[in-house]
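Scrolling down, you'll hit the structures one after another.
Okay, so chain A shows up in both of these, paired with chain B first and chain C after.
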Partner chain A sequence: MTGGIGRPTVAVWKFASCDGCQLSLLSAEDELLTIAGEIEIAYFLEATREVKEGPYDISLVEGSITTPDDAERIRQVRDISTTLITIGACATAGGIQALRNFGDVEAFRSLVYARPEYVDTLADSTAIAEHVPVDLELRGCPIETSQLVEVINAILAGRKPVTPTHSVCVECKLRGNLCVAVAHGTPCLGPVTQAGCNARCPAFDRGCYGCFGPAESPNTPSLAAWLEEELALEHPDLVRLFRSFNADAPAFRRESRRHEPEEVAT
Partner chain B sequence: MGAPAAQPKTRPVVLSEDGLARLLARLHHEGYEVIGPTVRDHAIVHGPLSEVDDLPRGWGDEQTPGHYRLVQREDDAYFGFAVGPSSAKRTLFPPRQPLWTAESRDDANFAIIEAERPERRLAFFGLRPCEVAAIAVQDRVLLHGIVEDEVYAANRADVLLVAVECGAPAATCFCRSMSTGPGMESGADLILTELLDGDHRFLVRAGTTTGEDLLEQLEHDEATEEDLDARKEVLASAAARLERRLDTTDIHGLLMGNLDHPRWDAIAERCLACANCTLVCPTCFCTTVEDRTDLAGTEATRERRWDSCFSLEFTHTGPASVRNSTRARYRQWLTHKLATWIDQFDTSGCVGCGRCITWCPVGIDLTEEVDMIRRTSEDNVAPWPMVPSPLQEG
Partner chain C sequence: MSHSHDRTISVEALARVEGEGAMHVEVADGRVEQVQLRIYEPPRFFEAMLRGRTYLEPPDITARICGICPVAYQLSAINAIESLCGVGTPDGTPMPDGIRQLRRLLYCGEWIESHVLHIFLLHAPDFLGYQGAIEMAADHRDLVEMALRLRKAGNQVLEVIGGRAIHPINVRVGGFHRAPTRAELQEMVPELQWGREAAIAATRLVAGFEFPELDQGHTFASLRPEQDSLPPGATGYPIEDGRLVTTTGLDVPIAAWPEHFHEDHVEHSTALHGRMTDGGTYLVGPAARFNLNADRLPSEIADLAAEVGCAEAVTNPFRSIVVRAIETVYAFDEALRLIDAYERPESPAVEVRPVAGTGHGATEAPRGILYHRYSLDEEGLITDAVIVPPTSQNQPAIEEDLLDFVQAHLHLDDDALQWQCEQAIRNYDPCISCSTHFLDLTVRRR
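This part shows the complex of A and B:
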């Protein structure tokens, strides 16, 4: 970490992603000017064409690895970064595009593109940590702006960031949300999903859909069994529930696989 | 509660429905911020009460393990429900509590500014006997323990308790096993019993001289024998519906003598370690602190927030979490709640309210788990010694 060294240089990198997580930094409206004063934005194409040469103190990496070129590029980013922080579900778990990991990429390519041979892609969409060492992962689809600001704050102060890995349920209870699972019978991934969003969806009467990925000790088989027995979810429902933005996060991947029809399961 | 209040002399009285409204108005008039049950988001939770219409009149609840539904009652009962997910803990021992801020004054110095603790008069209106019992447990832990908790003490300083005996226990309740309900004789300033036979009315007994003074200012009737009989009927009927049991016979020896019981593994298969049970529990008091700094590096704040023995970070010491399995964490919670709490505080940590059963997202039921351990316990287990409480020694 760069605590105490003054004004760290920061680079923001994009891999396979929608740019939403990078935008979260620009969305930090109240803090943005202060942040810009405390850190030196050295490489952030979404915000400015001005580029300063590396190496960089901090690299924020958005997106997953889906092409051979990107698999090489992330290694270069790692080489020129003191601290590498991945931001968002794509970078930490492969993102929604990791749905390809459950299908046949060759079939997609030949069906979707007129000239499939122009498309150079990997079979899987994978998390950054599967390619290079990562110092800190920020979850979410997209990340929570306040968590990113907290991490920048912590780096500047040379302290550990407050980014708990417990369940979303803890945030619901702290906030005083009513439990939509128990009181409304709404399927909710909160008990197996990592906190960080301040329980946004349950606060609006919606079940958690797991965009922050698996919590620290996710007992997905038990939750899935309850959803099946008590809330009458069927196997295809369970596959869809666990297979979204964090489809390839190991705990969610295993759980969705468990509910696939047997002849397709691998 | 602090020092035992002088015993009131007032005989039971009866308030009409209007009398209930006047009691609430009286509390507001005396400057109390009144908190009590109210309907929000299809559940009965604690919230501010401005008038009796804020009470869940005509509403009841249906509770089973992992299941809660608000249901319309066939009568106009104001208190025809069991406890909801919130408790007095949320107000007296808040989920998030700023402790202090450090502000830098110049390069070398900083000032510590204690968080403000606003003075207020609080009245809880409509607490169940089990909820009053839970406050007594938190008092034991946070006021009369080894260290007095300043935040709790400040919040607890001027609190009035208006309890309502329970006529509508849920299927998850087991207060009789913990001797905390459905009726109560003392522990609150006023103890009400809602009577729905004949005229809708409330039998009221003063539990303290404060309660007695309040009653004297309200128009009321002396209670008749019929009123007293009606109360007995309410409690007998509630007791008859309280089917769930927790056998507490030598529960300390039972649990501490079965630390390696295979049942803990079976529970861990189901437990989500999501922490809901501890957060809805009206007596669980574990917290952590979070330190934050501002971007300019001139201000740091420390905030206390509810934590749980179910989180990994809770026992993170050195390189890892000491209780790194869900089995270890559930066992810690249950043995503390029902057994080692007695070592520490001379009381069980459980009041039998059943919140942990209802609000567990997969319906884990501690009464069933204790029963399973009891029924399959080997007789020759070595009993865990009772640890002398530092409170007793002091």
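This part shows the complex of A and C:
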């Protein structure tokens, strides 16, 4: 670690995002002061105006790349970080703002801003890994505080963090939830969505809506076919279902594209 | 650093605000010529992304505008859609008391979580002379531990009702996916009772801070629930609905918003600037709510407000931290009242069918009025969306404050002036990522 035997230095960076994932660190109420004693928070603008110069041992990166300046800034962050960890759906998949990748950003800009020429933006919202090498990614919209604490503990202990890559379905079975899709006919992305939330939505009688993005080897065509046949979902419903906070994660992007009308498919 | 008559101060990245912002000050011949609050949060185009989505999706999508106040986005969106679709309206489908109680209770959780974050973790370090809460914890560990426990109590409310503290999953148009049982809510009572008492002690503590003088005579705007809409036992301080009122005498329903307020786009900011139709600036937030609704606080909390120097209207923005603390006490008090009154609704949601047209909705986000407007077609698909967050409404008034504040403090060196300006901005708890469409200080002294 930089600085030899000292505590590892941690920097928290924000790109296009809602601040919710870095807030997850401040929301680790029981662990925060203990963690703060084990690491040196060197750059975390949401929490402190104290800024220590890099390089940093660990950089936590929230948000997606949407402007030319940010595309340059993330390269500088990579250069001064030993371990770079992306946190949340914006950083790992482009986030909800990647819905622009399926539309015309010029039209979006004119729609929201009276003087579009004042606003500098890229055509696409992209994941951090599309710009620089990433050492570890934490999924979720938002990330789970417990997973962030696990990652920090693992780094402090010099071991690999335990974060699952199986589906939400597995968590439902472990938690003893009733299957909302089979029992209630509620559309659910649980079979193709990565675990990590402990199946929150089905526990509240709601279908999974994909906060953690695609699980390992997701069979999205099979799920889409089942939703069409058994729950009578139509193509526009399927497009919207796969196209939310992880819309541009490759498996979800491919599946939503499959259900678009021919004339607007690109 | 310079004490000369001409100078430029730049804060390149403002800390302890949520989001990204910068401030630029121009000074010539000892006069402050210009103050710009620059918002460089990358634009995310929410209003455009909502087009073509269904009328059931705005609560989940707009929650993602802000990780600190997602419930505000969810419930403003729901108010707009339900009012259009005839739910909870005078001649429409009635909204069961249990669902109304759960919505207000959920919102109390968000006020607690957001207010405590701002008072202790973001703003108190300014008054006590620390760079941040973690540095402050070295000398005031008990204070920071109390703040973390208070936040946890608010987050617990969000988790029990909303299913998750950040971006709650259980909120939907029409109500909830699952309504909690009375027993589930009752479990939170002892911690909320502790929180109410701790928040009263915290209010007395922050009221003892030193406040620089500043009074700009701003117009304040807030919601105010109609007296005859209040359920028995409720005093009706504005949270999740109400009419639109101002200190200049406006009193209109939310649907009249476009006639009285608009947004300008200025070059130095990706947040639009809110103004009144007559061009005047105005402020929303805790001070606005308090100044327009102090009569709506329970008597014990009104007495506390008087004790801590808020017997009259609060016009010095530096004292907003005290109002935020009073509102935190209220949020705990109100949460306890709501839990006591709660009756689990027979069904967690009422059915909402789409109606073509335009609906308006607003709630009191922790930072002030959050207005949403949606237009739907016959199928319930969104054809137009407008979202006006609190920070973009406050931004022009903040710039006016800073102009006078910097002028009065030009004797300070650049570092000291920068910190004081940052503190003046943090008075408004600006949420920059919320400015859908925030700091960094530069002062140029010429």
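The rule is simple: the second predicted complex is superposed on the first by the 260 of 266 C-alpha atoms of A that agree within 3 Å, B and C clash if a C-alpha of one lies under 4 Å from a C-alpha of the other, contacts with A are read in each partner's own complex, and residues count from 1 in each chain.
Going forward, a residue touches a chain if its C-beta (ideal position, glycine included) is under 8 Å from a C-beta of that chain, and two chains touch if they have at least 3 such contacts.
Everything numeric here is computed off the predicted structure, so don't read it as measured data.
Clash-free side-by-side placement of chain B and chain C is the outcome of superposition onto chain A. Look at A:Phe15: by the touch rule set out above, it reaches chain C but stays clear of chain B. For chain A, the partner that touches more of its residues is C, with chain B and chain C as the two candidates.
When the two complexes are overlaid on their common chain A, residue A:Leu174 makes contact with chain B while staying clear of chain C. Contacts of A:Glu150 after superposition: chain B is touched, whereas chain C is not reached. When the two structures are aligned on the shared chain, A:Cys188 is found in touch with chain B, with no touch to chain C. In the superposition on chain A, A:Ala47 makes contact with chain C only, while chain B stays out of contact range.
When the two structures are aligned on the shared chain, A:Cys201 is found in touch with chain C, with no touch to chain B. Nearest C-alpha atoms belonging to chain B and chain C sit 11 Å apart in the superposition, given in whole angstrom. Contacts of chain A with chain B, set against its contacts with chain C after fitting on chain A, overlap at residues 205. Taken in their complex, chain B has these residues touching chain A: 40-43, 45, 66-70, 85-86, 90, 95-96, 269-276, 279-280, 290-297, 300, 305-306, 308, 310-313, 326, 358-359, 361-363. Considering their complex, residues 14-21, 23-24, 26-27, 29-30, 32-33, 36, 41, 44-51, 63, 66-67, 70, 95-97, 99-100, 103, 105, 107-109, 111-115, 118-119, 121, 125, 141-142, 197, 200-201, 203-206, 209, 211, 240, 244-245 of chain A touch chain C. Interface residues of chain C, counted against chain A in their complex, comprise 13-20, 41-49, 51, 53-54, 57, 60-61, 64-68, 70, 117, 121-122, 125, 131-135, 137, 141, 144-145, 148-149, 151-152, 155, 163-167, 169-170, 177-178, 264-267, 270, 272, 348, 419, 422, 433, 436-437.
Those residues of chain A that touch chain B in the complex are listed here as 31, 34-35, 38, 149-150, 152-154, 156-157, 159, 162, 164-167, 169-170, 173-176, 178-179, 181-185, 188, 190-192, 205, 215-217, 219, 222-223, 225-226, 230.
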